[in-house]
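Reviewing the structure listed below.
A, B and C label the chains in the order they appear, each numbered from 1.
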């Protein structure tokens, strides 16, 4: 059974969002990392890149698979977790600590479409 | 034999030479900024060093000549030796690609003869030989598809339909060709679901790419209906020839309604795979597309000529008589393996197969994965099947025996597969840690991908 | 059933196997194929030949060609082939293997590809090389796509008009379908400096279509100042002596390995190569071999970074390429092992001596005019002052393929170490006699 953290929002494509004012901190869920296996590389966007909700902004790679990471919200990238560049395994170790990007949201109402922890636990069963 | 782990660089001794060249009376100018300043690190070894090193490397390799190679979708049939003799003909090897036509009449005749043979075998009108591999052929074929629509002023056809069971190259080639991919689902029977296809068809569809038999080794029974539906909406049908082998001498893609296709000369036409290439992926078209050949120019000169020579030699050996049996014997071998093993391995779709079929892992896995089975096979002296493809099944094991394997060889393989199924029940650990009898054990692929070391650096 | 040496099945085998399957005939194995799909006619193919007949047939085809002494390059160079190479590459453990998916029984292939990557990296000076591409022109076309992909949003690539015609053609083909805007430029530095809004990359030859070694001083800085990438198209044989792509500051190097001892083969198979900087490694198309260790800690090699590739990434892959020209990469690897740094330099010196002997002799004949002043190694162009077809015919009658006419109306020559001074002198005297 993979871990789900209270207080975060979740997408159907297994990203989590932590809301900090106008900023969405985005990562992938424990379920996503366990499906991937050992992550070997995290392809991240550059700061200032802009995305619409539903766009893939990067990808996770393992030896035999690759999975796009999709932003549930529109906006501009204001930070990325450069620690993942040399240590992609941080996501395997703790998917909720290893955020990938921070996006300044242009439309906070997009968060309404996301699941809470209870719903996601049900979804990812 | 001892495990030999050297790289050619590690045999290097300064000022040792492996070349035989006359002395040069001229030395190059040194002045000016166009000349290389940095030292060139290449091995300095003698000729005997080179021969022994590469001979030892070869002994760590498995080829069709070493043993059975049931690698699904790769058609690892026997590579006849006469082909090699023909391909190394000194005259052909000496021809420059830009020599005038009157000095290369024999080479042109070879290509033209191969063209008409392939046309006869496939029901296409003509082929271009520029593509160097199957995926290169797909790209070329899709370019021709776009040219056809463009010539009719039909520029809104920007989408191509690809079944979910397709080879990964199909969507990748479409993307390189600037086409958008629309995926059509397979039904429960593993075949393209015609009802799912219908709503996708419209005036924005350039065509559909199909592999028939598909990657599950199943013949698309509704192919003629699919052809008329796609043609009806103004699209073209592209035939991925990767799985042509079971149809060799039985069914022609042109007669099924395909407009464009590629062949893999290194699969269906017996040319050696060479550890990953060179291949050759000629693209054939039906009559109405002939005006679009020989462009587009997708490679430097005339394609992989020496590979074409091998394929023609094979076709001449087959002739119109033996070709009739090629596909049928490939299909016989595949069905024989499938029926002999389906009590121990999960057969997800019960049907007659063509040249290959897919198991979805062991019936009683006991925690043993497809990877474990594949690695254990290496211990018994067989190459592994294709694994984890197609993606439709999680534990896919894709087996293609080809027509050049004897019943005895196949019986041995079947027996080993049954032994492995038994081992999975009795001693799964033995399989998790396999292979045990190979030059190396399972490598750490995660480490290789996380911190890639892709060249040799001398330790300081 | 007819006897056929590649089919091991006896009638008894077939009967037994059909019985196990539970069908009555081979045709029944095709019960899933609609009737209208079967080919019912007779194949329009020759009757099966015996091996000796096949041998004779190809001998007769070979005899219909003229085997000429080649003095033209333009992307295919007639260098000397050491006898060791075909001996090694025809070993069936190499020849009849597939792509090395099962690394435990493919260490031979994986290790020579690792050696090839190292050699290409050392020749170009760039740290990351892939396992090879189809040929030089397709490698160049892939490099153009790579520039665009790496830039994310930019879409124009400036391409030097001095690249080989075959390279320009293939770049144009690939670009036109993938929507890349290709600008062919006669004067690269000026066109780049002028500023192109969405410049993703620039591709220039190291040694150009006229055989001239180009001077790219300052170009890399200029291109990088536009946040674009610099690609060099190189002749790997010449890289032993000419400034390397890394020394010029290039980000990507591509070219054709044919000049590393691969026979002309009427145009193929050859082998493309690609090398790039560390930053671009994961954007590179094609297969890559990496070093790792097995469970017992033994050094070994695997296909790596596969998540870039079509079988995993499908339409989002860096390229649709799914093979390499592995055996041809082995060909070049053995060649470079034999040659070493000294041998490869010697090849260039011999070419330089012979080609300059021809160049001077032809100019002295009064039948040609000089076109360029730049330094060349083995290939050059001249402006003909004589009738070109007559010139070509006279040379061909004497057994030479030389003086190929270019788009500009020049004639091109190329002399490698396979030619002798006597042959060069003979060509000069044929020209003088015109």
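One rule holds in what follows: a contact is a pair of C-beta atoms (placed from the backbone, for glycine too) under 8 Å apart; a residue touches a chain by one contact, two chains touch by 3 or more.
This is a predicted model, so every value here is computed, not measured.
Engineer: Could you let me know which interface, B-C or A-B, is made of more C-beta pairs in contact?
Structural biologist: Looking at A-B and B-C side by side, B-C shows more C-beta contacts.
Engineer: What's the chain with its C-alpha centre farthest out from chain C?
Structural biologist: So the farthest one, by centre of C-alpha atoms, is A.
Engineer: Cα centroid separation between chain A and chain C, in whole Å?
Structural biologist: 42
Engineer: Taking each chain's centre as the mean of its CA atoms, how far is chain A from chain B in angstrom?
Structural biologist: 37
Engineer: Return the distance between the CA-based centres of chain B and chain C, expressed in whole Å.
Structural biologist: Using C-alpha averages as centres, the distance is 20 Å.
Engineer: For chain C, what residues touch not just one other chain but two or more?
Structural biologist: Residues 305-307, 312-313, 316 of chain C each touch two or more of the other chains.
Engineer: Which positions in chain A are in touch with at least two other chains?
Structural biologist: 40-41, 61-64
Engineer: Quick one: which residues in chain B touch 2 or more of the other chains?
Structural biologist: 445, 449
Engineer: Help me check something: in the complex, which residues belonging to chain A touch chain B?
Structural biologist: The touching residues are 38, 40-41, 61-64, 88-89.
Engineer: Which part of chain C faces chain A closely enough to touch in the complex?
Structural biologist: Chain C residues touching chain A: 152, 282, 305-307, 312-313, 316.
Engineer: Would you mind writing out the residues of chain B in touch with chain A in their complex?
Structural biologist: 388, 445-446, 449-450
Engineer: If we count contacts the way the header does, which residues on chain A are in touch with chain C in the complex?
Structural biologist: Chain A residues touching chain C: 40-41, 43, 46, 49, 59, 61-66, 68.
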